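Just so it is clear, A, B and C label the chains in written order, and each chain counts residues from 1 on its own.
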């Protein structure tokens, strides 16, 4: 440990307890390409006749949740699946546009399982577990097969075979896609599989039902407490294993590309019940979103990264230049990405593009209302290829942009700005995707994931489906084979106790009757997080956030106004519970960001950069997963470290110059 | 902008509802329609009144959760978008806007503008899938799919299940929704095995849920945010007639309709 | 047969009955209009045409055999067409009324986004049905719309339909009523013809424009042909036999 880091930890009061509690990854040894096969063989099985005696609770119905619930159902388990939306088909996986990676090498262009593994580890800036990533690359191949068989209408070539494209700067074409709606189509595939099991009676679906707490009995996850969002009824559900597939926590920033309802309550409540939180500060900021137009803004809209293939990014050289873009002569424009990164130009990775946009805007050279935007200009591309060709490639995106902004991007340059898009952090899980609470499994974006400190484009869909279709069905079975089915009723005191806590919390939120709305608190928290724990972070800013968040949280619990009552559909109450949890999670994110004094992937610490302003990783001190344990004191979580060992991909510094 | 809103308020499914009038002030043309409602709600909460309940989630036109009958048109005056993608610049200062929930027997009102669309889920459960269990799929490129078929399948698969088709249909029919799912799967070779059985099962469930019948008016397609074509309905009808000639009966007892 | 019964149980099955009976009725309407054009060839041809209809199918079929067969088929078609329409309307109304509040329309405000024709089907159908009854009482049985002795019933194989038509349409009120109902028939045919193909699953992305065109053609042909008769009589183009 370096001196500086020691100082940091003492000042924030973080107790570093390295090696005190080791986190066993349970990843098998041996050659990496044999690990999953070996592990699958070694895992225990449940006799088909016994399976229906086991109940598996699946929370969330996105790619990971639907896929897992459907597959468990097919295998004969008794499944209960929960989602807060009115239908499992609406989970936010549906909004993914670009595509899904798979190492099929249908293009014969040099792709392989190892290359996808290598790219993912490297792209994640060496903060992911090698064994997990390799397994992800292995099963990626099966995912495509499964989805095609389900009727996912992937794009085809004229010969009738699957089309691929290169995505996010990858050197090979390994991305499968269904127009700009890949996430939707994959989710509908999983939803259909889930529907089939619901009809078969193996899965019972609970839509408009929100998980509000985890029930732990004798150290094992044994159930959940939910609220029926229509009747307000608080209910107990018992199971032999609990799977959380509840997505990411990008909405801690208030403005993000997440759906409005996306929340961290399930994973946060599980964290409070003993599940460690891995790398909470790792968030991904997507560079090509439509800028904020005002305080009314409720969410941000992402536009496909593919726009950067033909668009040129620039800002005026002069500060506060209010001329119309077409009036600014070429000589007074700063094509900053092309200048700083001649090799990659406008196609630098997401984090680099985002950070540079922030930098030029901070210099006062941003464009559009509020100066929070940069131009993405297609004038040259239109000149070169013609309007027709550009319309063919990006027509839909241009229409969407015009719909939202009222500006015609064929004539005026688009304005873009980065937005929070994905959270790499999440509940810590071992190789079996089990958290530190036995019987509690976490899948998809909700776990701390295979993406390390930065996720590659088209890899989120891959991970969600890999976890749901091909990993959990084995590892949960292995866990269940070791425990007796059932044997517990919801009358157990642990259920009564947890339910009482949940009910009290709901009552408390309704009884405050203060002056400020939930949204106003959420907005303020989001703004603070965006400023201090967003695209770039520094010691002073994070400390400021760590002072401010508890104050704001305190004010929230004193002064929030939640109208209505708990016995009916009450959307403000739902929001209030979620924001209360965001307040707690936000603090942990800042603590994690403060302790990790290196820059890596999506986490950029201003103190750790090269002379020319690029991120500097510190493998000597930070080559580990930070897994935080809830101690009962939000300001003083306990840090555990899972050291990361790289046997196959040698860590190297990323460079895009 | 300043607007007058006539909004349907209804406490729950058992209590009759009514229109209430609200003034929406300080509305920016850059706001989305739902953001405008957010602003109105913030006002209502501050004044100690109940905010207007409405369904929404992704706010980018893909999840299908948002609904709303706006001035008598499902998803509002602009074509091929959802309510969340509608922006206030499509209205004029001083306008009066009528906002109602989807109304149909199989979409019972839960509260204000929120309706229960689980009947759609039960239609899919009745057969809107290909029966393939995880792990049993052959290599993805084993069966080539002609590009025009894949494209047509994708056109139909774009359905977001929002229910605008039912809301706009004078008969309250769900045929466009059913037909879109049937066409999505029947254009693909993988969907052929269960093609006719699927058509029968889904339409039976549709009727059982209490949806109306299709009289080919076309309101559904006109308001569909994904512009699903009425051709899909013809295709479904054809499949049903073929199913009749093949002597296909509904496979299992259709799921019990909760509504109705 | 079980499959057919299954189809019949669905709403689409009843639609198929609508479409098939509609097809028969469209065929009749087109044939009826086309045959009546013989009016322009004068009383001999027109009256001979009326007489000839009775001898259709000779020598296999006897006097009026085929005509009666056609009448029965048409009558059954009309009954089934109306019956299925009623069943389907009731199904839809149960759905769309149930969720409204008593005394209120389904929506406070609802704007039409498609063509008007489809909206006239039910009301227009009733108008057409009432018209058919009047039309039969008028030109077939001669019990309404004529002064005493004006309507000439057939006797001894001789038909005086030409004179009946001319005299019948000389009443401007009756002619106006015929013209008025033809508007509804036009809408009914325009939507019905396309709809028939749609219901029978014969429509597709490739054919839809063609079928819409066919619907326009049939609707226009029938309406123009039919309204030409009263207009021609009123304008004196078709006058009493010399």
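The rule is simple: contacts are C-beta pairs under 8 Å (C-beta built on N, C-alpha and C of every residue); 3 or more make two chains touch, one makes a residue touch a chain.
Bear in mind the structure is a predicted one, so any value in this text is a computation, not a measurement.
Relative to the centroid of all protein Cα atoms, the closest per-chain Cα centroid is that of B. Taking B-C and A-B together, the chain pair joined by more C-beta contacts is A-B. Across the assembly, the mean Cα position most removed from that of subunit A is the one of C. Centre-to-centre separation between subunit A and subunit C, using Cα means, comes to 63 Å. Between subunit B and subunit C the centroid-to-centroid distance comes to 36 Å (mean Cα coordinates, whole Å). The distance from the centre of subunit A to the centre of subunit B, with each centre set as the mean of the Cα atoms, comes to 28 Å.
Contact with two or more other chains is made by no residue of subunit C. Remark: subunit A residues 67, 70-71, 74, 85-92, 94-95, 104, 106, 142, 144-151, 153-162, 178-179, 181, 183-185, 188, 191-193, 195-196, 198-199, 205, 207, 230, 257, 259-261, 293-294, 296-299, 301-302, 400, 403-406, 469-470, 473, 515, 517, 519-520, 561, 563-564, 568-569, 571-572 touch subunit B in the complex. The residues of subunit B lying in touch with subunit C in their complex are 6, 8, 16-17, 19, 69, 71-73, 98, 100, 103-109, 152, 168, 170-173, 200, 203-204, 206-207, 210-219, 222-223, 229-231, 233-241, 243-250.
Chain contact summary for the complex, subunit C toward subunit B: residues 1-4, 6-7, 9-16, 88, 91-92, 94-96, 98-101, 106-115, 118-119, 121, 191, 194-195, 197-205, 208. Per the touch definition, subunit B reaches subunit A in the complex via residues 11-12, 28-32, 34-36, 38-39, 42, 45-46, 48-51, 53, 55-60, 62-65, 78, 81, 85, 87, 89, 110-111, 114, 116-118, 120-121, 124-126, 128-141, 143-147, 150-151, 153-154, 157-158, 160-161, 184-185, 187-188, 190-191, 252, 255.
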